[in-house]
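What follows is a single structure, and I will ask about it in a moment.
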Amino acid sequence: MLAVDSVDVFYGEFRALEQVTIRVERQQTVIVVGPNGAGKSTLLRGICGLLKAREGTVHFRDQRIDTLPAHTVAELGIALVPEGGRVFPYLSVEDNLKIGSYIKRARKHAQESFNTIYELFPILAQRRRQMAGSLSGGERQMLAIARSLMSKPDLILLDEPSLGLAPLVVDLVFEFIKKMKEEGYAILLVEQNANKALQVADYAYLLESGKLVFEGNREQFDRNPYIKTAYLGL
Amino acid sequence: MTATKLTLSGLVLAGILLLPLFFSSQYVIHMVTLMLLWSFVATAWALMARFGIVSLGHGVFLGMGAYIPALLFNFYGLSPWIGMLIGIVAAAVLAVILGYPCFRFKVIGDYFALVTLAVAEVGSLVIVALRDQTGGSLGLTINNSTRPFLDFQFSDKRVYYYLATAFLLLGLYIWRRIDKSKVRLALTAIGESELAASSLGVNVINYKLLVTVISAMLTSMGGVLYAQYVTYINPETVSGVGVSLSVCFKAILGGMFDILGPFVGTSIMVLLEEYIRISLGSKYVGLSEVIFGLALLLLIIFLPKGIVGSITALIQKGYQVERGSK
Amino acid sequence: MVEQITMAFINGILLGGVLALLAFGLNLIFGVVKIIHMAYGQFVMLGFYLIYSFHATMGVPLPAAMALGVLSMAILGIFTQLLLIRPLLKAPRLNQLLALASLIIVVENVAMMIWGADYRGIPLALPIIQVGEVFIRSSYLMAFVGAIVVLGLLYVFLNRTYLGLAIRAVAQDLEMAQGMGINPATVYYVTLAAGGALTGIVAAFFVPIYTVHPHFGSSFTIMAFVIVVLGGMGNLLGGFISAFIIGVATSITAVVYSTEVADILALVVFVLVMLIRPQGLLGVRA
């Protein structure tokens, strides 16, 4: 479904991603782990069009998307959940969700989506009229994820969902991600917290300093000695 | 300063100094006087603007220089030479009154520019409001003096010409002095990061105030010279938003980061203004301003470094290419 | 004197409504595009001149002339976005300020060239309403009611429609808005068109109240600025409240002293607010 091929992304003269190649198949959950500054967020931003690749291509369902502007990529069914529980601070929870359904294919189903979301996230239903900026970190993260679901995406890009959240909340978030997986969404998740991320992964990549140094399924990751010590704390 | 630039400037200076000896045309002398005078004002403005302290309200200093000595002379017979000193001091005081709170409370960049814009407008409105003394929007004519030299009035226009040249040279000299002193280092550092500079012990506020006060004083000097030369002033021509922006534009056109930029920019604008005035005349009042406004818009969009700046950049690129290909 | 001040107070409130529209437009543009439209008052002036030309010169009936004026200013807003703002989006702030400031000079002088320096107006004999000791001009009242209606519509638009929501989203976080599928160009053009249309609407309300001349724009640009800064730049609610504060303050000052002093007062307030509390007195976001 998603094919990232030999992509190079630069910030000015600094090469943030080098020859990165990633695949995500339908209904698959793929994770990219790596330390801070490895380029994980850059990868997601490059896929959804907020950054442009200098080399390489990105294809979504056989359509080339790396040349498209970000809003067009969103229309095609790729939703980005940015890091840090980034929501529109001065819009209400409800408005944040509503804007999630801005794209044409989602607008017709907006009411339905609202109902589903409010069922899944009762806290959001309670706080629907509250300013999103006044929510706690965990609530904002939930809102960000819920918002992405409002757009009825085919592929969800999750940027470090555990960042800055208390462990209990992180567990909640990953419970949720498991549910999304069960619903059949294709997910590309980038995370520093390799332990948590591997629990939901069908396939994983390890990114260090902009380069992919390892890839494999869960077992392969679990067994690799370097990864075990460096990332899994074992 | 490169050798070519220095030679060229030397030639231009020689030309300026010798011009009245070869051209007796009052008209030519008048035009060059205006070029020199406004170049001086533009240079004074760029003196602080190049460090990121951009004022869109220098008209207020210009106006103070124009009106204060003129009023003191008309009402009290006080020699405009002394009036000039008073005007300069007044401008300096205003610069401090405005600058200190702004710099202290970190009102910088475009917020600072907006404040100066407002101040210029206030200056203009005050002049109009005090119409009983200043003549309001109808303007003020400076009385004829019985003691010409002492009262900053000269029947021979060439005296103004050389005064304007002297003022411009003064402005350029001060620019150079600043460049060679630690003031420039301090201000460049401040321009890049105020926080970093102040943590290194640089007294940010004082340096900014220093260059602002110098700029204000020089600008007011230009106002005095203009008033005494033209002998008629009104709020439109020497104060307010219009003339403030005009001064900015002249400096930016030529390139406000280069010492000769304001001179080049002003000369071009003065000549163009005159050309348009002659060819289109008063048939279409306002057309020259429209053309300027549009030209400026285009300039800002396409050539943000100004003419001198862009040419310098091109030349430097040329050097690099040459060296690279060797 | 008391009656005069009471009337000044009432007129201040009535005009405050129209000033609120002006502040809204400026805040909307600034909030979305992050550039200050320095020539906003001059656009109002232009709108006025256009309405005048459509009606007095071309004989179009006044209501149609007003509608045409609003439409023309909306189109001008679109051109402003296309030709001026779009190339400047990535430029340093100073350049943006200067470019829009030169727009002031262009618009004022174009007006001078086309319509001359004389005062132009459309004479309308509108009734004066008397309430007790106080006389209220119906033109002021209509302007006030009209402004409130327009503001109400704008409120509904921004809060209940997808496009309005998109505009607010872009104002708060452009990147994230793009991620939601919002095309920034669409939002920019709509915002500038709306901002332009608002100047036309304000001009229409001003037609029965003022006569226009090429420097008419400056007082309104200044006032719009002061209001916007007082309420917090980009803050729609703040602008709304400040409009009435400034409307009343300048109105009363103009009656007690003179209009020049009122303008000077407005500017002094502006400078003081910038120095002491640049986020505006209200500092609250709407």
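The letters A, B and C name the chains in turn, as written, and every chain counts its residues from 1.
Going forward, a residue touches a chain if its C-beta (ideal position, glycine included) is under 8 Å from a C-beta of that chain, and two chains touch if they have at least 3 such contacts.
Bear in mind the structure is a predicted one, so any value in this text is a computation, not a measurement.
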Top-ranked pair of chains - ranking by C-beta pairs in contact: B-C
Chain at the geometric heart of the assembly (C-alpha centres): C
Centre distance in Å when chain A and chain C are each reduced to the mean of their C-alpha atoms: 43
Centroid distance [mean C-alpha coordinates] between chain B and chain A, Å: 55
Mean-CA-position distance for chain C and chain B (Å): 33
Residues on chain A engaged by chain C in the complex (per definition of touch): 48-50, 69-71, 74-75, 79-80, 82, 86, 88-91, 95, 98-100, 102-103, 107, 147, 151
Chain C residues touching chain B - in the complex, by the definition given at the top: 36, 84, 87-88, 91-99, 101-106, 108-113, 117, 214, 218, 222, 225, 229, 258, 260-261, 263-264, 267-268, 270-271, 274-276, 278
Footprint of chain A on chain C - complex, ascending: 159, 162, 165-166, 168-169, 172-173, 175-184, 285-286
Partner chain C, residues of chain B touching it in the complex: 54, 56, 101-102, 105, 107, 109-111, 113-115, 117-119, 121-122, 125-126, 128-129, 241-242, 245, 248-249, 252, 284-287, 289-290, 292-294, 296-297, 300-301, 304
